[in-house]
Structures are given as C-alpha cells and as structure tokens.
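Next, two complexes with chain A in common: one pairs it with chain B, the other with chain C.
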Partner chain A sequence: MPFADSPQREYAAATEWAAGRALDALTGAEGAALPAADVPEPQALLAADRVLGPDVFAPALLTGRPTPPEVAARAAEAFVLFPADWSGVHAWRDRATAELLARAGHPVAAESPPLPPDPGEHGWQRWSVLMAQLCCLALPTLDSPVHQRAREHPLALARGATRAMLRRDHRTATRLVRWLAWLQSVGTPLALELRPLLRQLALTGDGTARTALDLAVAERLAAA
Partner chain B sequence: MNQTLLSNAHQLATRSLAWLYATHDQGHGVLPPEDSNVDLDLSNPDNAYKPIGECALAGSLVLRESVAGPTDRERARALLDFGWQQLRQGDLLYERQFRHILISDPLEMYGHFHRSGYRHAALEDLLHSLDGLRSTHAVEAMANRQLAVVNARSVVGLESKPDWDALAATTWLGARPEPWAIDWITGYNVTHTVFHMTDWGAVPDRLPVPLQEYLAEWLPVWVDIWQETGQWDLMGELLIVDACLPESVCDPDSLAQLVAVQHPDGLLPRDLDPIDEDPGKAFKENEHTAVVGVLAGTLTLARTLR
Partner chain C sequence: MLAQTVLPREPALAPLRVSSPEIGAVKALMTEDESAVSDAPLYRPEAAGLLLLLGLVLLSPKEPKEKK
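Coming up: the complex of A and B.
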C-alpha cells in the first residue's frame, strides 16, 4: 500500500478502505473495478476487519445477501491473528463478531465481557459516549446485555445524540443515531424524530467512510 | 431533601444579591440626571434603565418567595427603593408610557415594582385604559416578548384575559422542535418563554404539560452544553427554568458549578472572558448574571422548600 508511512496510518487507511467496501456492499454500489494499488496490504486488511468487527457482516444482515465466503474467512483469520481482550466493556464488539463468525461457519473462542454500565452510575453523558463506541452492535438479529441497556434507556441515548449534535461531534451523533434507529427497528418508542436527524447528518458528516457506513446502517434500520 | 443543593442555592442567591447591593452602593446603575431627556435611548448599552428593571425583578422575587433571611430581604427592598427613586417614584414610567402608548417597557418595569407594593395611580389608570385598546394587543413582537407583556398585565392586574396555551404555542418552545437545533439566542427565547408563562415559577402549571414534558427531556442537555462552554449567564437562566417547573429535572451539580465560578465578592461572571478591571465595565457586563444568580438560587430554594 503506497500511502502509509507508519503501521497506525496504514491500518487506519485500510479501515477506511474496508468500511468503504462494506458501504458499497450495503448500498449496492459494489462491483466497480478497483485499482490494485488501492487495495491494502493483507496484514493491514486483516487489522481493518478486526476494527470493523461486526460491521463486516452489516451488509448481509441488512440486505439479506450472504457475506462472500472469502470476506468471512478473512474476518475469522483476523480474529485469530489479533486476539480479543475480554476484560473490558469494549469486548462486547468482539463477542458480537464471534457470534457472527460462528453463524458464517467460522467458530472462534469467545468469553463473556463484563456487564455493560448503566447511565444511572455514569450519567447519560459518559454512558452515551460509551454506547457510541459500541454502535457496531446495533445490527439486526444481534442481542446482548448491551442491547438490553439500550432498550432500557432510549432517552439517555437520545440525549447523547442531541448533545453530540450541539457539540458538532457528528461522528458520535451518527453512532448514537444508529442506536436510535436500531431501537426503532425493534419497536422501542423514541424521544427524537429520526428522519430530520438522518437528513442533517447526511449533510454534515465527517467525511469518513466509517461514519458514512454508520449513517447508511442507521438509514437502513430506520427504513426497516 | 438535598441539603447540598439547598446550601448551594442559598449561597448563590445571597452572594449575588450582596454583589448587586454593594455595586449599587458604590454608585453604579444610576440613570442620567433628572433634567435629561425622558426619552431614554434603550439601544445604548450604557443606559441604566434596563438594569434597574432587572434588579427590581430580582428584589421583587426575593421578597415574594419568603425564603431569604432578614439581611437579604433588606437588601432586596433597598434595590427596589433605589430603582423606584431612580424612576422618580414611577413618574418616569408614566411619562414614557404616556408619550409612547404602544411600547411595553414601562408596563413590564412597573410590574416588578407592583409585585412588591409600589404604586403609581396615574400610570395604573393609563395602563388600564391602554389595555382596552385593540391596538396595544395587536402590537407585533416576538412570541416570548408577547408573553412578557401579557404576564406584566397579569401582575399589574389589568382586565384582559390572555389565552396562555395559544400564546405558548406560538413560541419556539411551543413547537417542541428538534432539541439539537437550538442555538444560543434561541436558548434565551426558551428561558423567557418559561419565565413569563409561569410568572417566574409562581404558576408552574400554566406551562402546558407537553412543554413541561419536553423540557424534562431536553433541558438537562442544554444545561450540559452551556455549562461545558462556560456560558454562565445562559446556563443560569436555564437553571431558573428548572426552578420554574413543578419538579427539578436537572443535575444538582450544575448549580454547584455556578457557585464554584462565583467570585468571593459575589460577582458571577457571565462567561469565560476575563473580568474587566474597570469597576464600571465589570458592573455593566456582569449585572445581568448577578440577577440570574439571585433568581436561580432563590427560586430553587423556594421550589425545594415548597
């Protein structure tokens, strides 16, 4: 990959590339010929899959089209190459990835992360930021104690999204709107109207493929 | 009962009032000499007319709520007496209203004094007469300004009976809009809608229930935002809104934050800008926030103890 001068930059660029491919698969824009030079190196691509986690399977879960076998196999390889740390709350992303890999025929070892926090302990501000970091769990068919927390606290998520909008933190806002869209898709009443928020975020996104992917997932969930 | 909240509310109100009292005692907040033109230039930020009304409001609510100690009540009365004297016992208000029958500031100003027992018979006659005109009720203004006028008429005891719900529906808050689309000046529009709809917390249920519910959801977010940006004046006004609701919806730590930024002499900074070393400028720039401090503390205490 010609554009990276450090592993961190290379992995970040690869994550953007992989998010862009997931976005293409989700929106039906896939199939365009990609210059070979733009494709990340294999190791960076594995790291990117690890960062995307459950979102590798987002197109399949939202469109019903199966995940290409080579994509699922690569995600399984990434999971083994970069082992999970099961001690933190963020390991719920890995827990979800492991579940989706198992469904795709690639069982991997997984443990139970600590129980997710409650806004009552941390305040809705800090809790909503944490939930934003776990927004890749907001996908159809996934369920966990994190999802249960989301179902229990729709107002805290809506407040977090509102706060992020007012702070011009459109990445966090998009991630929380993704949770709100997921809540709506499972029948939880919302304190915020989704459509105007989605329209505004489409105009004010942060220009990254990852945020565009979060927004596209949210739009799909909202339309479900 | 949250004793820390009560202590913070008391400290905020008492110290803000002490600063207002001391700065007036030092000669700030005085109108131009009596022989100057009665047509005050209200667009002039150096004019003391508006601050006189704001201090009178603070004093009138300290006396109305009966949660302040004797010293604070004396200071509140002293601020009202000072303002009434500056307004020549209401003559200035009368002359201004007589010359300009469609303006509302004499009525609104008089309302603060009327609440505390000050009376000007000729002005009241004039106000009752003007209240009977279609013209005065048809003056075009922003919705929350209309509410200010309507509430002042109510405080003074004029005959007209407004449709509060219909008026509330014409405000930004009344639309229950997207809470993420608020901005700084609209924040002030929201606070004033609630102030006048509830007559500064005296009639919280005059605010329609859907708007109470809307504020219960989003007021904590707005307080958080303007607390983070150090906009103490607007944040304080939002905490007054909280005190005007039937029950508090905000984190008590926000009031503690206002107490934390208050200076030892009671000055409550309006924002994060440095305080001007010139006492006159410091008074003009922070007088409104001191009034906000008095009201936030007093109304929080009153609602908590009710």
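Coming up: the complex of A and C.
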C-alpha cells in the first residue's frame, strides 16, 4: 500500500490498519483473513506502532493476555527508528511507551518530561484538548503526573467532553471519555454519566479504527 | 493466535533511516488536534434579542387609519 509522495497519508493509513489489529486483539476478533494488499509497508508499519505508542500494549493491559513478543519487538524497533521527542505532548506519550517497552523486556532511553500543564494556566478548553492528545496514557497500571492531573481535575475533563460532544467533534469526545472511564476505573467520582456518553459515541463515531479503539478501551475501563 | 501477531513481512528489513518529513508526519499523527470546524449551532444571545425586537414590532398594535 505505498503512497509515493505523502508520508502523512501513508502513515495515517498504516496507523488505521495497526489500530484495527489492536482492536481485534482487544475484542477477541481473532483469526480474520487479512488481504495481503492491505498490509502496510514495513516502515509504515513501524511508524504506525510509533503513533499508537502505549496503545500497542492496550490489549494486553486490558485483557490480561501477554503482548506477543514480535509485537513488542516491533514497537521497540519503531521507538528507535523514529527518535523520541522530549517536548510537550510527545514527551509524555514517549515516556509511557518506554515504560511499557521496558516491562516487555525492551528497555529504551527515557528522560523525565516537564510537568504537565494545569487547567488553571490556559483554561479548561485548551487543557482538555491537550488531555485528548494524551488519551493513550489512560490505561490500567500506568501512572504519571499526567494521570495525577486527570485525577485532580475531573470537572475540567467532563467540561471538555461535553464541549466536544456539543461541537460534534466525536474524535475528541471519545478521547476525553476514555479519560473519564479511566477516572471511574480508579475510583474518582465523575461529573458526568458515562454510560449515555459511551452509547452515543458508539452510535455516532467517526468511523475510524483509532476512534473505535479508543472507544473499546473506554468501554473496557468503564466495565472494570 | 492474537490478531495483533499477523505480520506477513519482516520489519527488520526496513531501512533504518527516516527523513524529517517522515518524522514530522509521525509527530502530527501522534497529536491530533480537535476538529477546527464545528457544525453545531452556536448560542447567539444578541441574535435572540434581535428576534425578540422584531417580534415585538410586528405584534405591536398599529395606529388606526382614517377611512377615506
């Protein structure tokens, strides 16, 4: 599935493919025949693993089944091929990926990112968008200052999810609902009812595998 | 076998070199922003005021006209 002149398009398509496989592993839809023509090129597949980051390990963390060694090795190779960026949002994603890689027996270099921002600094609107970008950290057994911020500000997350729903930005809404589900799973009281949100997003999703994976993770967390 | 394990090609054969546009593409995909355009209706209180004024003007009693 090569795209000659657009790495963004090629990597986006590969990310969709990889998110679909992670979703299959999470929901137990195993053994499906995959057309060889749809399989991304090796480098695009590595880019997809790099984009998914901690979500490569989401099926294992949510189902208890171990991550296949070849999947963990591929994620480690992706981490080395696409260098870490220790600034902003990427830094927290990379730190979580590095932690999960280390657990899987593939230690990679990781530094301490700066403290995540507080909703008081730039307002809950901008903060909630930032948290949506970090939603792949909303997984069991992961903990960091980003998770601490989420625990401290459930109302800001609920406002962000509500705003995204009202804007009909289902991708952002799903990512924030994933954080709300994570908060519920760790016992933090929510300012919103989760079930109607999950049901509505399941009906009105944007049709991408990445959003479907986020929603499946949120449903698993909510059921935990 | 988990569906995640399907890997028909060997990733170790990938060229271990990436260009900066490729790194930029990966970073952009990592941090998707919220959608720029919302199709939801926006609350416009000033518009409600204009509608109310228009309604009052239309519903207000008119001056009686002299019969010719």
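The rule we apply is simple: the second predicted complex is superposed on the first by the 219 of 224 C-alpha atoms of A that agree within 3 Å, B and C clash if a C-alpha of one lies under 4 Å from a C-alpha of the other, contacts with A are read in each partner's own complex, and residues count from 1 in each chain.
Everything that follows uses one rule, which is that contacts are C-beta pairs under 8 Å (C-beta built on N, C-alpha and C of every residue); 3 or more make two chains touch, one makes a residue touch a chain.
In this text, all values refer to a predicted model and were calculated from it rather than measured experimentally.
If you put the two complexes together on chain A, you find that chain B and chain C bump into each other.
Of the two partner chains placed by superposition, only chain B is touched by A:197; chain C is not. By the touch criterion stated above, A:212 is placed in contact with neither chain B nor chain C.
Of the two partner chains placed by superposition, A:58 touches none, neither chain B nor chain C. Contacts of A:155 after superposition on the shared chain: chain B is touched, whereas chain C is not.
Between chain B and chain C, more residues of chain A are touched by C. Look at A:166: by the touch rule set out above, it reaches both chain B and chain C.
When the two structures are aligned on the shared chain, A:24 is found in touch with chain C, with no touch to chain B.
Here chain C runs into chain B after the superposition, and of 9-17, 27-35 or 45-53 the stretch doing so is 45-53. Touching of chain A by both chain B and chain C, each in its own complex, is seen for residues 166-167. By the touch criterion given at the top, residues 1-16, 18-19, 21-23, 25-35, 38-40 of chain C touch chain A in their complex.
Put simply, chain A touches chain C in their complex at residues 7-8, 11-12, 15, 21-22, 24-25, 29-32, 34, 36, 39, 41-43, 45-47, 50-51, 53, 59, 65, 67-68, 70-71, 74, 77, 81-83, 85, 88-90, 93, 129, 132-133, 164, 166-169, 171-172.
Only residues 123-125, 155, 158-159, 161-163, 165-167, 173, 191-193, 196-197, 200 of chain A touch chain B when the two sit together in their complex.
Of all residues in chain B, only 178-180, 182, 217-218, 220-222, 224-225, 228, 251 touch chain A in the complex they form.
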